[in-house]
Amino acid sequence: MGSVGAKEVPELLNAEGRRIDGRRLDELRPISIKIAPLTRADGSAFVEWGENKVMAAVYGPREVHPRHLMETDKAIVQCRYNMAAFSVDERKRPGLDRRSQEISKVITEAFESVIFTEEFPKTSIDIYIEVLQANAGTRCAGLVAASLALADAGIPMADLVPAVAVGKVAGRIALDLKKEEDNFGEADLPMALVPQSGRLVLLQMEGHLNRGELREALDLGVTGCREIYRKMREALRARYEAAGGAEEAEAAA
Amino acid sequence: MSEIVAAEIQTTHIVDLARSGQRIDGRGLDDWRPVTVEPGFVKSADGSALVHVGASAVLCGVKLETGKPFGDTPNAGVLTTNAELIPLSSPTFEPGPPQPTAIELSRVVDRSIRAAETIDLTKLCVAPAEKCWICYVDLHVLDHGGNLIDTAQLAALAALTHATVPAKRFGVGEADYPLEVAHFPIECSFVRLGDRIVVDPTFEEEAAGQGRITVATDEVGNVVAMQKGKVGAFSPDEVVETVERAFQHGDRLRAIARAA
Amino acid sequence: MSEIVAAEIQTTHIVDLARSGQRIDGRGLDDWRPVTVEPGFVKSADGSALVHVGASAVLCGVKLETGKPFGDTPNAGVLTTNAELIPLSSPTFEPGPPQPTAIELSRVVDRSIRAAETIDLTKLCVAPAEKCWICYVDLHVLDHGGNLIDTAQLAALAALTHATVPAKRFGVGEADYPLEVAHFPIECSFVRLGDRIVVDPTFEEEAAGQGRITVATDEVGNVVAMQKGKVGAFSPDEVVETVERAFQHGDRLRAIARAA
Amino acid sequence: MGSVGAKEVPELLNAEGRRIDGRRLDELRPISIKIAPLTRADGSAFVEWGENKVMAAVYGPREVHPRHLMETDKAIVQCRYNMAAFSVDERKRPGLDRRSQEISKVITEAFESVIFTEEFPKTSIDIYIEVLQANAGTRCAGLVAASLALADAGIPMADLVPAVAVGKVAGRIALDLKKEEDNFGEADLPMALVPQSGRLVLLQMEGHLNRGELREALDLGVTGCREIYRKMREALRARYEAAGGAEEAEAAA
Amino acid sequence: MGSVGAKEVPELLNAEGRRIDGRRLDELRPISIKIAPLTRADGSAFVEWGENKVMAAVYGPREVHPRHLMETDKAIVQCRYNMAAFSVDERKRPGLDRRSQEISKVITEAFESVIFTEEFPKTSIDIYIEVLQANAGTRCAGLVAASLALADAGIPMADLVPAVAVGKVAGRIALDLKKEEDNFGEADLPMALVPQSGRLVLLQMEGHLNRGELREALDLGVTGCREIYRKMREALRARYEAAGGAEEAEAAA
Amino acid sequence: MSEIVAAEIQTTHIVDLARSGQRIDGRGLDDWRPVTVEPGFVKSADGSALVHVGASAVLCGVKLETGKPFGDTPNAGVLTTNAELIPLSSPTFEPGPPQPTAIELSRVVDRSIRAAETIDLTKLCVAPAEKCWICYVDLHVLDHGGNLIDTAQLAALAALTHATVPAKRFGVGEADYPLEVAHFPIECSFVRLGDRIVVDPTFEEEAAGQGRITVATDEVGNVVAMQKGKVGAFSPDEVVETVERAFQHGDRLRAIARAA
């Protein structure tokens, strides 16, 4: 937002109300989900969302490492959000920078708000999110992937956690910003919803929104989250039907 | 009595109080603790302020140096915010590299300053692509009595508001001059205690809280930054409620920061 | 049953199988698992490839940037290989700075690429002693099902083979052009199981193995790099045997990497 | 001292024997002390000494962290001397540099020499010194502040530990150098005294002193320390009278 | 090898088949060995090999540090290969770089292959190799020194571990390359042998060798290792005879 | 017998001996152990010396490189001293970043060299504000038999005394030439054992000591550096006594360092 001294601003919204990639203001980018792409993790998911590619894996409940972080009355949740060096235009030095550490923290807290941690005292539930290709909205894509990986790992949770960013583009509130919109937009507001309670477990915002725009952004985000929630459940259902089908086929053989 | 049990009893007590509109230190749910701002506390800084909010104390020092602009912003200076949760300020802080809490603190303060365009960074450019001012905002937490984010943000704003650009010392001008501050964002944090949402939480209220939300507002009616933190959740209606309350507290605190 | 005892039983089983020419996944001692190569997997990289070897998966991304040549090689560009054993890929990997295993992985892959003169680094020189291309080869291990060295090396070779030099983006040319690849080294790893030496070991076979040996061969009959790893030993005759087998596997894998 | 290639030397001592800030050779800069300025620490003190501002806090006796440092027959003492990034003219990168680590070590050893550590086996007494504004003599100011913070925390000690630096300025031995004197002076000798035993628990020196000058510097330093000792005891007495008074007032209420 | 853009190549092999320092292709540089030069270590050795100077020390079996590395059924072996800042032409920044970490790993694995670790469960055998002056072949010199230090420390092993590098110089396979040969040579192949089994516990290679050259290099390296093995045993024998003689003399006194 | 008890018994024994003017290795209270200095031990350094003091051994290597002067000293070169307490030299040293003991060692040695103006740094200036010599003094402790400070300082002084400026190699002169050494400071350390103060303590005496004091003197009658270390205290009279003794030992050791 408002990058100082940045290049000429492209036309982000045309006369027909279409965005730079042809979407309407309330339209999501295409999302495709693959459950359990990895063999070693206890649960995993791969999400392609627009031009984002994000892999998530879950290990646990397992022994806490380092030991002194152990809690006697519940599991601890440790999420690590990391970007591959080649996931962005300018190569990123490997390792967690401050942005990644902050995102890791807010995602950890989002999941701690829904996982039934008290069922697994003295253990750790470790969530790893790897951004392989980035194009705005990676923390939301990471939350979605991690949420599915948790489900795949069989970790008991209050609900899945869909997430999406809402922003302000050419003066209008828009759903699910892509990179150019994020760079030249006027606000960015990523959020994650617990659909059953209707409450937000992640919420960040940067830019300029007046009271009315903020209300509009929250509402649009909730709607977007509910649409993503449907896609998430569909992907899990397809996975378990396929798995179930395979098992039936095996049983019949 | 185990620490866990003791903490649970205190949490229950704090939440019960909130249900009846009360707080452990006698404040109302929407009251701030006393706020004091001492600008110019540190002479070796180009700008500084010591801010107390109740038992919390944060010292902010601003230093300006000349350096090279970033490649992608050749016409702008650089603003960088750093927070140290030094172990002097709380029994829970340890020496070592910044932990996630310190990183979140510095980034959330930085976000409000940056998003509000508090400093017009193009005015910190000396020679495009060659030389610019680098403005370091260093937050030194001295006493952690809760709500460090707002305490630190107020210290940062006050230190910037009273800062001088050391043009003479760095040989880029005849005389030093005041740093120009264009906007005055104020951060305001809340925690959930049961069904109630209280402003300016103490250390104990933060520990008992089920979710924190911080809202930064500027002086012309914009929300410029938000951050939900800690384990817990807020409904969109609750978010809107905190925004309204943040606008009201913002006006009062802004006056304190600027007047000091 | 303790972990140590369980591991011993599995080791015994794997070694017994090998003695009779068999492996736990049904392969012959000199068979590779299925290999797939997906070049161009990551659009943000200048070259990339996702390689699966059985249950192992490594994503390699190549990025080129302009920089300054090293003082002792003013007429050459720079090639640098980095591997991250991110904890996503195995329960045994931990967050933090690269451990010896990750360092060995990146150095052994790098050695094969470098020794084979895969890239003629003098062609990456833009202006002697002034400007050159720095070619970063980043290896991101996604799934650790054994034999990471060969999987990663194949990913690196495929990513380089399909990489583009972003000359236009960096203002050193009219148009981007393909990175020139001069040679095609292939690494091939073996572990000892009792008296037998098996190729392309799984995670379990690596754990059971008494020594690993990796041989990199090029397309014109040279051994360009070797590395004995892990606890264990090989006779010179056994080394020569693995070299012969590496040449044969190399030809087949080279075709896969280049065709992809 | 003798900074190579440094700028023109100011006149450090005038014809009347007065120093750059008007002090006599054996005169201290003004000192003001505030006991217990912090709420979270077990003990704290804030010292303004000339243009130095130093905060000290003490925690403990408390659990040892990291655990492997624990000693079964006594408390360990851990002192951390740190300079704020903005405490000096040229911004200092946050974190302990080598100078700060050395000072932390010698201050730790000074306090280990007076604290009755054997009374608190298996615990840690943690001393934190933060230099907020620096103008020569910060390690001595830090020692004084930390000593008062230890007293405020009720840690049993053989004695308070006053400290001061002596130097050589324009060929003369001088007490309590300020920045210009330290930069252009010919020797610097910080020391810390245990008044009751008359022994030094901290002593460092750098520069050029012959035998006679060294003896003179030691004597002047000891005299300076005794003056600071009086100020320290006065501040503590005032604090406890105020506290006592407050308590009496409370009791009477 | 083949350093890109490097300076003019010196004549590495003359018409008489002599190398840059007058050696034949199958000739070792001079080696001198000192057993037990250090007082604090449990075992130590100093090796001068051509212009290499390498010190090795062994501590253990002793308590494992850090604790979590402990193994219940055997000793762990930890080797640290380090180069002194002044050991090479261009000063090396202190601390282990990636090359040193890789070498530490392969040397550790070489010694784990011969030490009877199962005799000392729950302990650590720590091997420290310090390269004080480097001139190609330091990892082999380090292995030889460490092997002797292990013997001096009385650690039970299957055998001593001689080591040497073979290379290709001016198109010919040559034993024990020195710096100029290594810099301008066409291949480098360091190896370490267990003489009794005839097996290699360390083997690395970089450069270009065809099948025939590789076989030749392996054979030449084995021969070289056996020669070094003789020197190692000789040095140990001389040491124990001297020590024995000294003890006898003491006993007689 | 616990380690603590064993250490206490040894301490008592050492202190009792000192009371009667004796030491565990038979020396008098003011005797040094045998000192040997081998200059030129390392050919890859521009100056070096291996120094033994009893069972202690420190190797110092000096390297000179060209670089840029510091902004505040444009007419001077740079001297930098670094000590590594590598775990090879003592069972009590661990791998990792320099610990306080190593930092104190390097700083105390550096202070004596610097304060005595051993090297006239202005003579290391090549072109003001542009180019100067950077002189690295690296201390490599090989065997820790006590009194590392004095052993290391002697090694540093001897290495500097025998160092060459590699002017030819760095293209700033026709020929290399000896580094000019202007002064010859010698550090001399003592520990308190009860009421007695002994010079050149062994490892065991340091452990038993109640306070250490180090005094650096130059060849023209100045004290140039002092450092009190470890738990313990000294009266001003005792300090003056150690200074006198340090002057005497200094003269003898200086001759050894220069002659070697």
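As written, the chain order gives the labels A, B, C, D, E and F, with residue 1 at the start of each chain.
As a working rule, a contact is a pair of C-beta atoms (placed from the backbone, for glycine too) under 8 Å apart; a residue touches a chain by one contact, two chains touch by 3 or more.
This is a predicted model, so every value here is computed, not measured.
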Contacts common to subunit A and subunit B (chain labels): none
Chain whose Cα centroid lies at the greatest distance from that of subunit A: F
Comparison of D-F and A-C by number of C-beta pairs in contact, larger one: D-F
Centroid distance [mean C-alpha coordinates] between subunit F and subunit B, Å: 48
Between subunit F and subunit E, distance of the C-alpha-averaged centres to the nearest whole Å: 31
Order in which chains appear around the ring, subunit A first, subunit B after it: A, B, D, F, E, C
Subunit F-touching residues of subunit E, taken from the complex the two chains share: 38-41, 51, 53, 55-57, 59, 62, 65, 80, 82, 84-91, 94-96, 126, 128, 130, 132-135
Complex contacts: residues of subunit E adjacent to subunit C: 1-6, 72-73, 98-99, 101-102, 104-106, 109, 112-113, 189, 194, 197-211, 214-215, 218-219, 222
Touching residues on subunit B, where the partner in the complex is subunit D: 41-45, 48, 55, 57, 59, 61-63, 65, 82, 84, 86-91, 94-95, 97, 136, 138, 140, 142-145, 203
Subunit C residues within the subunit E interface of the complex: 4, 69, 72-76, 98, 100-101, 103-104, 106-107, 111, 114-115, 117, 121-122, 211, 213, 218, 221-236, 239-240, 243-244, 247
